[in-house]
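Below, subunit A partners subunit B and then partners subunit C, in two separate complexes.
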Partner chain A sequence: MADLIQLLTNGLALGSVYALAAIGFVIVYSATGVVNFAAGQFVMLGTFAGVAMLLNAGLPMPVGYAAALIAMALFGALFYLVVYLPLRTSPVVTVIIGTVAIGITLQNAALLTFGSWPFRLPSPFEGMMIEVAGAVVSVHALAVVATTAVMIFLLWLLLHRTAIGIAMRAVAQDVKAARLMGLRVQWLLAFSWILGAVLAGVAGLMLGPMWFADVNMGDPIALKAFAATVIGGFGSLPGAIAGGLFVGLAEVLGASYISSAYKDLIAFGIMILFLLVRPQGIFGEPIQDRG
Partner chain B sequence: MTILRAQGVTKRYGGLLALSEVDVAIEENEFVALIGPNGAGKSTLLNVLTGLTPPTAGTIELGGRSITKASTHARIRAGLGRTFQHGRLFDRLSVLENVMVGAANRPGRSEAQLESAARTSLERMGLGHLAPSRISSLSYGNRRMVELTRALAGEPRILLLDEPAAGLNSGEVEDLMTRLRAIRSEHRLAVVLIEHNMGMVMRLAERIVVLNFGRKIAEGTPAAVQADPAVLEAYLGAGSSYAAD
Partner chain C sequence: MALRVLALAAYLAIGLALSVSVSEYTLRLLNLATISAVAVIGLNFAFGYAGLISLGHAAFMGLGAYILAILTTQAGWSPWLATLPAILGTGLAAVVIGVPLLRLKGHYLALATLGLNVSFGIVAANWIELTGGTNGIAKIPGLSLFGHAIEGERPFLWLSLAVVAVLAVLASFIQRSRYGRAMMAVRDDETAASMTGINVTATKVSAFALSAIYAAIAGCLFATHVHFISPDDFNFAHSITFLSMLIVGGEGTIAGAIIGAALLTFLPEWLRVLGESYLAFFGLMMLAILIFMPTGIVGLLSRFRRSAKREAPPAPASSGEGART
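And then the complex of A and B:
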């Protein structure tokens, strides 16, 4: 029982990180139609923004986290300006290939800057454990779940209770109609990239202390986040959350109860099963062309 | 005073001349119908006026200022409003949120201001009770009314309506005509109506502009246009039932 509680906590924490990465991915996808293959590198960049601010620059925790997220917001804006904007009139496939190229570039830039030796990104709750129903669980894992819940609530408020959020949802559905409502579509698309990068940054900062900060961490995260969106329903935000938690739990429980060698097989096996049986995922609508 | 003036507007798609040196001037508070057989260039003209399609040649002025090179959102902010031939409501937003997006053309409005503006617009159109509804739950007629409300929420000075009566039954068309008359007396705005329902055009429009093969072939009062031989030729030649209307 104690083991199970511990595993569930760790699974939910890892799932929360996947969920945030998947949300960032879905926000960009639904606003711009671009499947961002650099999404995993965005998370890696978030972790290394933390490494740069907390370890290299030696900033205190709250300042370092804020600085890392500001850096991620700037990165999102830069990505919009340098990659999306010049390619926006190209076929969407071109933009997607562009994200692959940028993903590879980011990974190698991080390798040149930080080296191949992994870092240990500290947590504000470094080494802290508490006892829950007889099980000893890490405070960091609980904090990750709580932070993710708060982020999701804030995101919901943004999308449903602010003028910019309602405009973003309109753009996500019909760019042409949104333009004819007088919305500044390009600003809203830029904001979507920034929001996606910041959410990936939060995911990266939370993941850093759970894994090692390694420049190659982006690809496995991208694959898990992608599996999460497929399982939850491609393009659906509740789906990204449910799918992320599902993949995280499957990974941790599968590693413990079946075999750690098969943990990825379990997550991707479930994804393939969904593609065969319910391709629209848990919450998804059948994919349709955007207007 | 002229609110919208298009001069020498030409649009060429490769070898196809979709619009050829079209001149149109719309006066303040005027009700103009834009008619013509299918493929005459009516929707292309609306797309050029709203900035969705850049013209090959020609100039467009709104309220005396050139908007030929202005972006779509700048034109909407300057007073253009438009509805679509095939309703383009945001299906995943509620009726209220759809109308809020329509009101969002004025920069810096808060969510609360948008909501109160949208509620006022819905009440004025007698659709207040639909505010929380999902778009998918609306009847076809109500969808078109919500679209009209959404365009009006932006408080346009000139409203471009692309076949608003398409697919409506005769009772709904009567209702739409009553609403359009009421809108004009309340809002003091100019209306440009693209419509195939000739009965509606003849009863509502003060002036009619006729396009055929991208050219303006006639312009004048409903009576004058109905008697114009070039118009009869265009419609009868296209096999339409114009004479029966």
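And then the complex of A and C:
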């Protein structure tokens, strides 16, 4: 029982990180239609923004986190200008290859800046453990779950209770109609990229202390975020959350109860199964892209 | 037709001239480029003609390579004989996978095939009795012809140049046959295609299987050239590279597949003069090519040719409609 509680906590924490990465991916996809294959590199950059601010610049924690997230927001704006705007009318394959290409650039730029040696990003709850129903779990894992819950609540407030959020949802539904209503569509699209980058940044800052900060961490995260998105339902925010938690739990529980070698096969197998049987996922978008 | 023969002659002339004039290292790169070209000509059936976004092409190349490697090293088959089950088995696997999977389109198909490629890597890395796990399979025997072993970079290049030429000619015939035209019709409009009596599912599955067969041939070449394979040789990044090669060269064209394979094999090497940052520049250059040359190199060339002829039809609107030579 104690083992199970420990595994569940770790699974939910990892799942929360995947969920945030998937939410960042989905927000961009819903608003702009871009399938961002650099989404994993966004999370990697978030982790390394933390490394730069907390370890290299030696900023105290709250200031360092804020600075890292501001850097991510700027990065999102830059990505909008340099990658999204030139590719916005390209076919989906060109966008996929283009974001992969820029992902290679980001990964190697990080390699040049930070080197191949992994960093240990500190947590505010470094080394703290707490006993829950007889099981010892790390405070950081609990804090990750709590932070994710708070982020999701704030995101919900933004999207449903603020003018800019409602405008963003309008753009996601119908760009033309939104433009005819006088919304400043380009600014809203830029804001979607910024929001996506900041959410990926939060995911990266939380993941850093759980894994090592390694410049090659982007691809595995992207693959898990894609699996989460497909399982939950492409374009759906509740789906991204459910899918992310599912993939995280499947990874941790699968590793200890089924096979640590094949743990990743569970997530991808279920992803392919969903695509075949229920491609709209759990919460699904209405789909045209299926014969 | 004349242009096609001319292109083939030019390809063979350039290939032969390079094969006797360049360094051992460049020969090795040329071999990798020709092996990639086989895979990319194959991918052109699935993506260029039938419009199926496949991010799992490297898995089919890997399946072919592993079947050959296992049969030759563990069952003692001759490599030539082992290419048969490798090619046929991979084609069959593509049919079995394609029937359910090819109902998906666009980025759904892209992610499903990506998941497939990742799953292939996981199985290849963990089914240790059969695949050797991450250590891979070593000592795969090389091919021989008329009693002469095809060893060393130069003889192998002659073989692989010939294989590319034969497969390119074959692909060209398929492209102009009713099957090739059916694939393009399905890509452009499924409903209209089915109205004219084309079996959409069968067309997609056969395009997918053909592309897998070409990938398996590339896998057999790779295994017999390098004599060693491991799961990393066929991970999903290679699938993305193959698709990049096709798009940079010019999707829907065989010449584009070959040019793209050669260019993206050599581009990183040329960029090495930039030092450690060369891969970062490589990514930026790829992005620039996609932005400024949306129809790829062949698309650009044929636009020049047309404007030279002063016919000057309107430029294609999207790369999907690119000129096909």
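FYI, the second predicted complex is superposed on the first by the 282 of 291 C-alpha atoms of A that agree within 3 Å, B and C clash if a C-alpha of one lies under 4 Å from a C-alpha of the other, contacts with A are read in each partner's own complex, and residues count from 1 in each chain.
The criterion applied here is as follows: a contact is a pair of C-beta atoms (placed from the backbone, for glycine too) under 8 Å apart; a residue touches a chain by one contact, two chains touch by 3 or more.
What you see is a predicted model; the values in this text were computed from it and never measured.
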Fit-or-clash call for subunit B and subunit C when the two complexes are aligned on subunit A: fit
Partner chain in contact with A:Thr113 - subunit B first, subunit C second, else both or neither: neither
Partner chain(s) touched by A:Phe234 [first = subunit B, second = subunit C, both, neither]: second
Contacts of A:Leu183 with subunit B and subunit C, given as first, second, both or neither: first
After the two structures are overlaid on chain A, angle v-u-w for subunit B, subunit A, subunit C in degrees (C-alpha centres, nearest 10): 90
Contacts of A:Val35 with subunit B and subunit C, given as first, second, both or neither: second
Partner chain(s) touched by A:Gln173 [first = subunit B, second = subunit C, both, neither]: first
Which of subunit B and subunit C A:Ala163 touches, first, second, both or neither: first
Partner chain in contact with A:Asn56 - subunit B first, subunit C second, else both or neither: neither
Contacts of A:Val93 with subunit B and subunit C, given as first, second, both or neither: second
Distance in angstrom between the closest Cα atoms of subunit C and subunit B, superposition on A: 9
Those residues of subunit A which subunit B touches in one complex and subunit C touches in the other: 291
List of subunit A residues in touch with subunit C within their complex: 35, 37, 83, 86-87, 90-94, 96-98, 100-109, 112, 219, 223, 226-227, 230, 234, 261-262, 264-265, 268-269, 271-272, 275-276, 279, 287, 289-291
Residues of subunit A touching subunit B in the complex: 161-163, 166-167, 169-170, 173-174, 176-185, 291
Interfacial residue positions of subunit B with respect to subunit A in the complex: 50, 52, 72-73, 76-77, 82, 84, 88-93, 97-98, 100-102, 104-105, 109-111, 114, 150, 154
Complex interface listing, subunit C residues touching subunit A: 47, 53, 55, 100-101, 103-108, 110-112, 114-116, 118-119, 122-123, 125-126, 190, 200, 237, 240, 243-244, 247, 251, 276-277, 279-284, 286-287, 290-291, 294, 318-320
